[in-house]
Every structure is written in C-alpha cells, then in structure tokens.
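A, B, C, D, E and F label the chains in the order they appear, each numbered from 1.
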Amino acid sequence: MSGIAEEIKASVMGAEPVEVSYPEKGYHCALETSPDKLPDIVRLFDEKRFYLECLLCTDYTDYLELVYLFNTHLSPCRVKVTLKVDPQQPVAPSMSSIYASAYWYEREIHEFYGVLFTGHPNMTYLFLHNDIHDYPLRKGKVPVPPEDKERLDSFKPGEQEDTFFINLGPQHPSTHGVLRVVLKMDGEYIEQAEPVLGYLHRMHEKMAENRSYQQFLPNTGRMDYLGPMSFNLGYVLAVERLCAISVPDRAIFVRIIATELNRICSHLLWVGAYLADLGALTPFLFVFDDREQIQDVLEGITGSRLTYCYFRFGGLYNDVDDQFIAGTKAFVKRMWGRFSLYEKLVTGNVIFVNRTKGIGTITGEQARKYGVAGPVLRSAGIACDLRKVESYSAYNEMEFNIPVGEHGDALDTYKIRIAEMENSLRIIEQALAKLPGGPFMAEKVPKKLKPPRGDIYQVVETPRGELGIYIVSDESDRPLRMKWRVPSFSNLMIFPELARGMLLADAVAILGSLDLVIPEIDR
Amino acid sequence: MGERGFHLEKEIIPVKFAMVEKVLDLARANSLWPVTFGLACCAIEMMSTSMSRFDIDRFGAGVFRASPRQADFMIVTGTVTKKMAPVLTTLYEQMPSPKWVIAMGNCAISGGPFVFEGQYNIVEGVDLLVPVDVYVPGCPPRPEALLEGLLKLEEKITGTRRFPRVESA
Amino acid sequence: MTPGEWIFIGVITATMAGTLAAVLSGSLIYAMFGLVTAMFGMAGIYIYLNAPFLAMMQILIYVGAISILIAFAIMLAGPMYRRPKEWTTLAKFAAALAVALVSLLLLLKVVIGATHNASEAKPLVVTTQELGRIFLDRLTLPFELVSLLIVVSIIGAIMLALFSKGEK
Amino acid sequence: MIYGFIKGTASLIAGLGVTIRAFFQPVVTSQYPRELLTISPRFRGHTRLLVDPENPEKNKCTACGICVKSCPSGSIKKVEGEKKEGEKKKTATEYLLDFTTCSQCGICVEVCPFDALDFSHAYNSAGYKREDFHYDLVKELMRNRVQ
Amino acid sequence: MVNELLNMASSDAGKMVLGLIGVLVFVVVNALLLTWAERKVAGHMQRRIGPKEVGPFGLIQPIADAIKLLGKEILTPAKVDKPLYYLAPVLIFVPVLVSFIVIPFDASLQVTDINVGILVILAFSSISVLSILMAGWGSENKYSLIGAVRSVAQNIAYEIPLLLALLPVIMLANSLSLKEIVEKQEGLWFVVIQPLAFIIYFIASVAETNRTPFDLPEAESELVAGYHTEYSGMRFALFFLAEYTNIFIVSAIAATFFLGGYQGPLLPGIVWFLLKSYFLVFVIMWLRWTYPRVRFDQLLNFAWKGLIPLAFVNLIITGGLLKI
Amino acid sequence: MTGNLLYNNLQLYLFIALFLLGCGLLGVIYRRTLIGMLISMELIMNGAGLNLVALNSFSAQGNAYGIAFTLFIMGIAAAEAAIALGIIIAVFRRFGHIEGGEIKEMKG
C-alpha cells in the first residue's frame, strides 16, 4: 500500500502523494495534481493495472474539484487523485483514451457541472432532458450556455437515410425499465449500440445536498429497488464512518442477515427476469414464489416489501423478533431445496446453455478498463468481492467463498449468481447462529448529525457489485456533495463493446446478464 | 405538454345503444389487458401482482401486452421524468380507445418523495400528462392495493362492484 | 353462363391482374404479391385442366417456395429501411399498355370465335400414381437430370452466398 | 456429439418434468378480495394518530411540529393544535398528511417525542382522485373510532 | 375435375354449406377455448389459478376478450402500407379454413375428402407465411419487419422437414387422402412404425406455428410483439385466433397421420380424434411454459443440420424397407 | 360437357400462356432490378407450363406427359430461383445494389 505513494513520487515529477488513514477515509493515498501532469499519472495507474473506480466532481463554489479514484481489484489500494478546475471556464483533459469508463463519467460530469473535457470523442449529454436551464449540481445558478443545449439529446436515430436503427426502449420488455439503447443494425446483427440514459433520473445526488443526513435515508432504498438493503447499509456505514458512530453487535448481525436475504431476493429476480428475456416465463413465476417468502420475512421487521428503509445511523429501525428468526430459518431450509428445481428447469436446460454460452464474453483486461463490478467482474475470473477484499460490518467473521467464472460469458454470470445465493444462505445461517443479544441501537446518536469537515469513501458489495459512496461534509447538517458510484452504471458501460457484432437476440441476452437496475444508473 | 392527453374522447360510438354498450362494458371490465410498462420500483410490485401469489390473471387482466396497440390500460408504475413524459404520452396515444390509466405508487400520483423545491426532472403526477382513472397510493403499494385498484377500475367501467369490499385500517 | 364459367372468368382475371401487377408495379414487394396472385390463378386454371395435383404443386412451389425466396431476396438485398423502388418509365408503361391492348383484342377474338373451334377436354383426372409411373418409367432420365439440377443449384447458391460473404 | 445430444434431450425432459409436477401441485395463490393474507403487524401504511390512553376522546399529538420538520419529502402539510382548558399541552385538531408524497420511511414515527404516531394497516387503498389520499389524520382517527 | 367439384357442390350443397358453417363455428369456438386453456395451463404450471372470476372456471373469459376486442377503436397507424396492412389479417385465415375442409374429424365427419388432401393443407399453409410477411412489411415498423423476416426464414427452413416427415407416412399409406391414411391405421398407428418421423414432424410443426421455443417472429423480449406489433382490436384478434387454430391444425394433422386419427375403441371417433389432437395441443403449451427461446441461427442450424438430414435418412430407410 | 363452355377452349388457355410470356418478356426487358427480372422469368416459365398442360389435356388425352413436363419446369424454376437468390445476394454484397443495368463488371 505504501509502495504506491513512493512509486508515484518516483515516476511523476512533482507529484506529492499523501498517505491517509484508511479506516477514517476509506482510501489509502491522496494526491493533488495539475492538468498537465494528470495524463502521466493516469497512465501510470493504467500500467500498474489499477482500474478507474470513480470519477466525480465537487463544487466548492470557489473551484470545482475533479476526483479520480483508482483502485486495484484484489488487494485494495485506493488512490484519490484530485484536480482543481476553474469554475468560470471549467476545462480538464479527457482520460477516455486511457480508461474506457472515463468516457462515461466525463460525459456525466459535463452535463451536471459543465466541465469540458478536451479530447473527449463525444461530449454530448447522457442523462438530461431538453428544457434544462442550469447545471443541476452546481452551487448557485450556472446557466447552461445555448451552444451546450444543442448537445442535449444529441443522438437522433433515423436522420441518415442509409442506416437502420432500432430503439430498444425506453418502453421495451427487455430493458427492465426505462433504459433506451439505440442499436444500429445490419440485418439482425448489431453494428453499434448506444445507451441513452436519464429516463429515470430522479436527482438523488441533488436531493442529498438538499436535506439532512437522516432525511436522505429513504432515498437509498429507491436507488436500487432490488437491493435496497445494500444501499441502506452502504449509506449508514459511510455516515457512521464519517461521524465515528459505533454500532452494537446485534445490529451488525441483523444487518448482515437482512442484506443477504435481500441479495438472494435480488438474484432470484434476476434469474427470473433473465429467463423471461430468453423467452421462458415459468421460472419467473417460480422465483417470485421464493421472493414472496423473503418479502414476508423482511416485511415482518421493516414494514415494507420492497423499498426498505430499515437501517439507521448506529443501528436499526427496530429489533428483530422470534418470528423473523423462525421465518428466516424456514426460508433458508426451503431455499436449499429449491436449487435442484432451478438446476433441472434452467441450469441444465440445453437451450438455455446454448443461448448464454460464449455470449458477452468479458476478459479481465476489459473488466479493468471499464471498471466492471460484481458478478460480471467475477465472471471474468477476478475474485473481487468487497465483502472479503474490503471487509465491512462483520463479513470477515463469516465463512463463504468467492465464485469466479472461467469464460466471462453470460452463462458464467448466471452460475456465479446461483453460487452467490448459496453463499448468502450460508452467511445467513452463520449470522443466525452467532446473533448476539443486546441493544439494536447505539446509545449516543445525535438527532442532528453534523459531521466534521472532510470526505469519505465507503464501498459495499451490492447484488450488482461495487457501490461506492463518496461524501464531502462541510460541517453543516447536510452534505456538500454525495456521489454514488453505482455498479449498474459501470456494467452498462461495457455493453456497447459486448454487443458489437452480435445478434439482436444476443444483445438482449447480454443486456440481461449485466443485471441492470435503471434507477440506479440514472440516480 | 400538460393538456395533451385530455382532449382524447373516451367514447368511440356517438350513438349509444344502451344494451350493447352494457355488454361491451362488461366485457371490457373483465378483460383488461395492461401494457407492459414498468418505470421504477413499483414495476416490481406490479410484476408481483401478476405472479403466482396474487395472480392478476384471475380477473382476466394477466395478458401483459408489450405493444400498446393491443392493450387496454396502462399501469404507470413509478416516477415519470420529463425525459420520459413524451414517451409516455406517445404510448398512451398509441393505445386504442377505450383506454384507462392506473397511477400506481406515489411517484406516479404526485411525483412522490422526489418532489422538492428546485427539482428539475420530475413530472409531478402523471395526471398532468394523461387522464388517470384510478390512483393507487403507496411507496410502493402492496399488490393487494393494485388488485383493489383494478377492481375499482372495473367498478368505474361497469358501475357496479362484483367483488366483496375489503376494509382495512 | 354456368357458375363454372363465371368462376373461370374470375380465375383468369386474377391471373392476368396478378401478372400485370408483377410486371408493372413500382415496388418489388407488390410485384411479388402480384406474382403470388398470378400463381394462384394458374393453380385455378390447372384445376380447370383436370390437373389438381399440378395445381397443388403450383401453389406449393411457387407460392410456398419461390415467392418466399423472392421476398427473402427483397429483404436481404434492400436494407430494411429502404424499400427497393422500381423505376417506372413512360416508355415501359406505354409498351405494357400496348401489350395489354393487343392481348385484349386477341382475347376478344378468341371468346367470340370460341364456339367454332371447340375441342373437348376429357374429364379425366390424372392421378398421382399415373404421374409417378411416367416419371420413373418413361421419363427417368429427365427426372434424374432435374434432380441433379436442383442439387447443383442449391450447392451453387450456397457457394455463392458463402463466397460473397468471405469477400466482404 | 451423441453424448451431448442425449444429455440435451435429457435436460429438456427434466425441464418438462418440473413443469408438469408444478401443474399437479396445489396453487399458491391467495385470492385477494375473497381470501386475505395476514398483514404483518409492522406493516407501514400511511401514518395514523394514536388515541391518548388517558383520555379516549383525545389524540396524543401535541402539534409540536417536529415531524413536519423531519419529514424528508414534506408530506406533512399542516399540523394545528389548540390548548383546551385545564390541559398542559396542546392537542392536534388538524393533521394534514399528503400521503401521495410519502415514502413510508417512518422517520416521523421515530422522531415523535410523544409517540403519538403509528402506522396504519391500510394496505389496499385505491381511489379515483389524488385528493383521496390527502388525509386529515385527526378526522381519520375519529372516523375509525366511530366504526 | 371442375365439373366434378361443381356437381358435388350442387348435389351436396346443403352438406357443403353446413360443413362450412360448422368449420367456421368450430374455428371460433376452438380458438377461444384454446386461449382459455393456454392461460389455465400456464397458470397451473406456475402454481397459480389463471382466469377464474369471469364465469365458472373463467370459461367466459375468452368471450369477454373477444367482445372487448370487437368493441375496440379501429386504429390504423398513419404510416402503414394500407393494402398490405388490411389484407394480412384476413389472408391469415384462408389456410386455416381450407385446412379444416379436408381434415377428417370422424369417418363421416369431413367436409370433403380430396384425393390430394394433404397437399391442399401444405400448399395453403404457405399463405400464412405470406400474410405474416404482409403484416410485417405493411406495418412500417422495424420490429414487425424483423419479425416478418425471421418468420419467412423460419418457415422456409421448417417446411422442408415437415414435408419430409409426412412423406414416409404417405408412402406407407400409399395415398394422399387424409381419410385413407386414417383408414390404413386401423390396426397399428403409424407412430409405432415411424416414431422418428413423428418427432421430426412435431418439432417442425411447433416451429411452423411460431410457438416457444421457436417463437422468434413474435419474440416479446426482443421484438415487442413481432409482426403484429402495430395491429390492434379486431385485426389483432384475427392473428390471435389464427395462431391458436394453427396449433390445432398441426396437432390434428399429427393425430391423423401418426396417431390413428379418429380410430379408437369404445368411444366415438370424433371423441378420439379430439382427444388426440388436444393432447398434442397440450404438449405444445407444455413446451411453451417450460423452455426458453432458441436463437435465430440456432433455429436455422437445427433445421438444416439436424432435422432435414435426419428426415432424409428416415425417408430413405422407409423407402428401402418398403421395397424389400 | 359440351365444347362451348368457356373453359373448354384451347385457344383461351394458349392465349393466357401467350399473355404470361409477353408480360414476362416485357418485365425482363424493362425491370431495373434483378429481383424484378427474376419475377418476370417465373412468369415466362409459367406460360410455358400452361401451354404444355393445356395442349396435353386437349390434344394428347390419355397420357400425362404435359403435366409431367410442367412439373419439371417447376423444378427448374425452383432451382433457378435458388441460384438467382444466391446471385442477387452476391451482387448486392459486391455492388451494394441490385440494379441490373448498373452492373458493369461481371467478374464477380
């Protein structure tokens, strides 16, 4: 870990990396740089096989700060590289030629902050609609210049007469929500795929700046409605880290149980929805039958079926009861018996295997360039599960393995998700066995949180992969900036590359295998 | 874009033949095909409603059509953003009348928890875009609530309620 | 006239209309549907000529296979967005009109003079057994040749398609 | 290849076995208007006011307004109370909740210093108007008590 | 021939008209029943009930659906190629009606027995492809068009094994007339002699009717609703009815060719015939609610590299054995 | 069964055959695209087939050679369609269009 600081110092002239306390900040090393040195530094990270975890912007009114977060997959070494940008004429060099994921993050920052990235191949808008007047995330009103408005909604298919476009979405059965993918077709083959986002942009990051830490809690459950517990957990962990709140053991274990139940729930839905994409509807209904059991159990403690808001800073909303424990045990028992059914109905099915084998193959190098996360990353053979690699809560006390794929294709992601469900069941069993008594809420949690000045980056492993929450506090009761690095967004980035040259049906299969949740991408 | 949906007439036959109309209404009420249109969280609960536990197909409303041309009503499940609004109205206009809309979930009804001062991307209620017949509140509503909404819609079409009423406090 | 005659008039009208559509129509897909109509008309005519087996084969081969192959070619060749349009020149139209007019005159002459040149069609239906016997008895060589031709042409078509794909 | 073919066929038959078994198994459907599922006691419907155990004519809300401030989405539009003769605290006379913007997060219930709020179990509400869900919780409480 | 047909028509005019009316009624009732059955079968395979509240066991459900579709606004999208768009749903019913004319429901229950009966069915079944093509092309919708293209390719590919699988039976029965083929199975169903042909025919017929796992022309998750995306109301209902009638027809042909048609002990012939046909229909539904959809190239490969060679081999062996 | 029925008239059939032939020729000459030409070719073949069948059933009763040869024609037509499809696809891939008159080099 400390090595990287030395190496940067040695390789890049004038760079002054600072090592920071990982438990406090969530990253190991910070480095401030200037636009001319940035490409060298980024290239260095690329050589050292880091991946670009996140690229974000913060408006400090006096200046805009671009934050590049780099990390390695297996032994976490997170480096924060910052770059100050003039708010009047925000310009920065584009890193999209080095990291493919930067292509997307830079577009996002461009439309929310107005930062122009020189050398970016396609500086058009991704999320926003046409009648936007001000840059949404800038402090104070910074109007969108008129020439920028032409960049809005730039992708208009069908203008050229000699190309054949298909709009997959926004209302399309296979996009699971309101993603729009514009496909340029050659017969049944895809020449180019271009996702168009923002059909469900619900301004979560803007809202975070407008309300207190507590009031933002319900939003976390609505970003990723399939794995709300993980988002809940990530958020409370981040704020607890920021405010140095300790959590009683019972709460930690209940959090693990609830999160893992939710993970199973999410993976189950994915299995069903994926099979529905491939044309088989019955598994969809079977998985919902299992899901209902989980939802019953979770409704018993949280009071809602889907968009949970159960964790609180320092503990839980309310304690679990015997009914919950009995229900969970019953579910675990039932679920162990269900895998053979899915094996017969889905996993072994020759049609299913032929549809998914060799489709959407991701290599480890691609996964790194795009910052792919979760089961998709693990299908490429990289055993990166943040529950193990960057353990949080009490996951280091749990025994489970990290399933990895051999080929990186859609079939591998399927197998990994099934194996993860089994792992989650094991974790639940262990957590139930270890579940201690005692309070479920820390004693001294102030009603109004005013964290100390500073920033923090907290990661958790959601069902879809790495969720990173970056919070900047300015000592007020609401965050200065809250950035959500969401797994579906980075997984979607790779889709155009995977879909190129594939059949339309394969594109649907690939899109399904990425397990996208659109509100999470759009935020 | 506010008023676009409203001038569409519900009735297609100017002269009403009472008996025929009644039979038609009965048929329509019992064969409501929704368009597959999921927006956000509530879409999952809409799926739940059509799944084994709740089985919306019992009322003949289980035929989810992906093409709006073949659907009778639209369940708006979730937040409608300004970018989505034109798509939604297009979809509504593509449906052949008579057609209905159920606004499911608080986001669809009023923008829900995403309404705040200075918001720039949410349509505050789908009834600003298309006429809404039944509102099902909740965040998200339980599947029972959607079923209740469906029954309310049937009630609206036929004028009578065939099913027992369920009171809850 | 008897009902049979009325139907017959309908059948030949359909044939001719289909033929004209197939030749003159501006869009290829309409031409194809014209061909289909003409082929159905032909099948009807074959029934009037006491060859029901032939009529069915006509539909099976021309409608079921050839016109679908043509439709396939239209869709493959013309990228989907661009409907291949045929260029209808005035000269072509005039020529077609001339052909049609001359034919109509001939038709009128035939219909008027029908009575005094009548030869009778024997109401004998050629059975499939009989056809099979002819094929395998007297016409073995042509039969085999046609089979060979079809095989060669299928292989040729596949080769052409594969070869041109490689070139791309 | 032949082994693969046989395996494939076997997998297809296994799949058919699963569905046909399900075909003869009992259904798991709960027929909503005719059979009702038991709703969990912690189910979060819209919020409701609680009756003061000391005085069943009164609700526990004192119109302090903490819930109004803490609500993330500003769903609690107005809380008015008046102080009656001989009582220490105010009692709510009007508690307007716009349920259509609520996210059922439970923060209002949590912050209430008098534990006057609770979740109702209205799990199947549906109506013809947006305004049907602008509740006056005081009136709702009265209505439910009469029933 | 014509005179024969005409004579027959005039002498048995009553029978012919009755038969035609019967066919029409049967087509409608059968299709409605099958839509109900499909939803019921699907429901129970997914451990739910399916239509229930509309009429006893939900039996009124398809009627409600039909009335509702009739009462829908007749909507013609502005961009469509009108002649093709209008004709397609009508044309799709031609092969359906023609096929019913020659299928023997019972020894005496057949509208007319044509000596090239099976050829009639096969010849006219190609019209349904054409009408799908017209629907897809005329709708001016990319999804429809892709659906149509897929449908055409699929039908070319699967018509061949379908024919090749029927040929051994024709050789065994020595006739093209459906009734004679049934009569020949007095003692032994052809499925016993020709199990491979039966399986090939069944797979090919599932593909011909565009059912899962071969439902590519209307693959919902890819093409929204395929070739009938732009159709609504009654026109859509016609496609829907035709689809279900086609399922019945292919099952009926399979029953006639391989399962002895109306032959069977104790029960009247028609009951046996319907039992066999509906059993095959059930199997087709069963397949649909179990399997995912195959991919386009896999579908074609399966036909060209799997079914067609297999059917040829089967045909040659049958021919050889017959000669010996 | 008398000769004066309209459909018992050989000339009429021959005329239809002639019409098909004429239209087919016209199409082959005037059609711009290869597919159009293919359609016209099919018409010509049909004309020939009709001739054979008509003459068979009017003048050569008692055998079925005419019908047999028409079946041959159908086989040839099918083969021709298959090969033409292959050529059309090849031409389209090579030249990007299917307009017969525009194809200058025929080297493939």
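We adopt the following convention: a contact is a pair of C-beta atoms (placed from the backbone, for glycine too) under 8 Å apart; a residue touches a chain by one contact, two chains touch by 3 or more.
This structure is a prediction, so every number in the text was calculated from the model and none was measured.
Traced through touching neighbours, the fewest hops from subunit C to subunit D number 2.
Across every pairing of chains, the maximum count of C-beta contacts belongs to C-F.
Each chain's centre was taken as the mean of its CA atoms, and the one lying most distant from subunit D is F.
With centres set at the average Cα position, the gap from subunit C to subunit F is 6 Å. Per-chain CA centroids place subunit A at a distance of 61 Å from subunit C.
Centres computed as Cα averages put subunit B at a distance of 35 Å from subunit E. Separating the CA-averaged centres of subunit B and subunit F is a span of 56 Å.
In subunit C, the positions touching at least two other chains are 2, 4, 8, 48, 50-51, 53, 57, 65, 69, 72, 76, 80, 123.
Residues of subunit D in contact with two or more other chains: 12, 15, 18-19, 22, 27-29, 31, 72-73, 103-104.
Subunit B has residues 51-53, 55, 58, 66, 113-114, 116, 139, 142, 163 in contact with two or more other chains. For subunit B in complex with subunit D, the touching residues are 52-55, 58, 106, 109-116, 125, 127, 133-139, 141-149, 151-152, 156, 163-166, 168-169. Against subunit D, in their complex, subunit A makes its touches with residues 211, 214-219, 222, 282, 286, 289, 296, 299-304, 307, 309, 312, 317-318, 341, 344-345, 348-351, 447. The touching residues of subunit B, counted against subunit A in their complex, run 35-41, 43-45, 47-48, 51-53, 66, 68, 78-79, 81-84, 87, 91, 113-114, 116-122, 139-140, 142. Residues 42, 45-48, 142-143, 146, 149-150, 212-213, 215-216, 219-222, 224, 289-298 of subunit E touch subunit A in their complex. Across the interface of their complex, subunit B is touched by residues 27-34, 36-37, 39, 45-46, 72-74, 98-104, 120-130, 132-133, 144 of subunit D.
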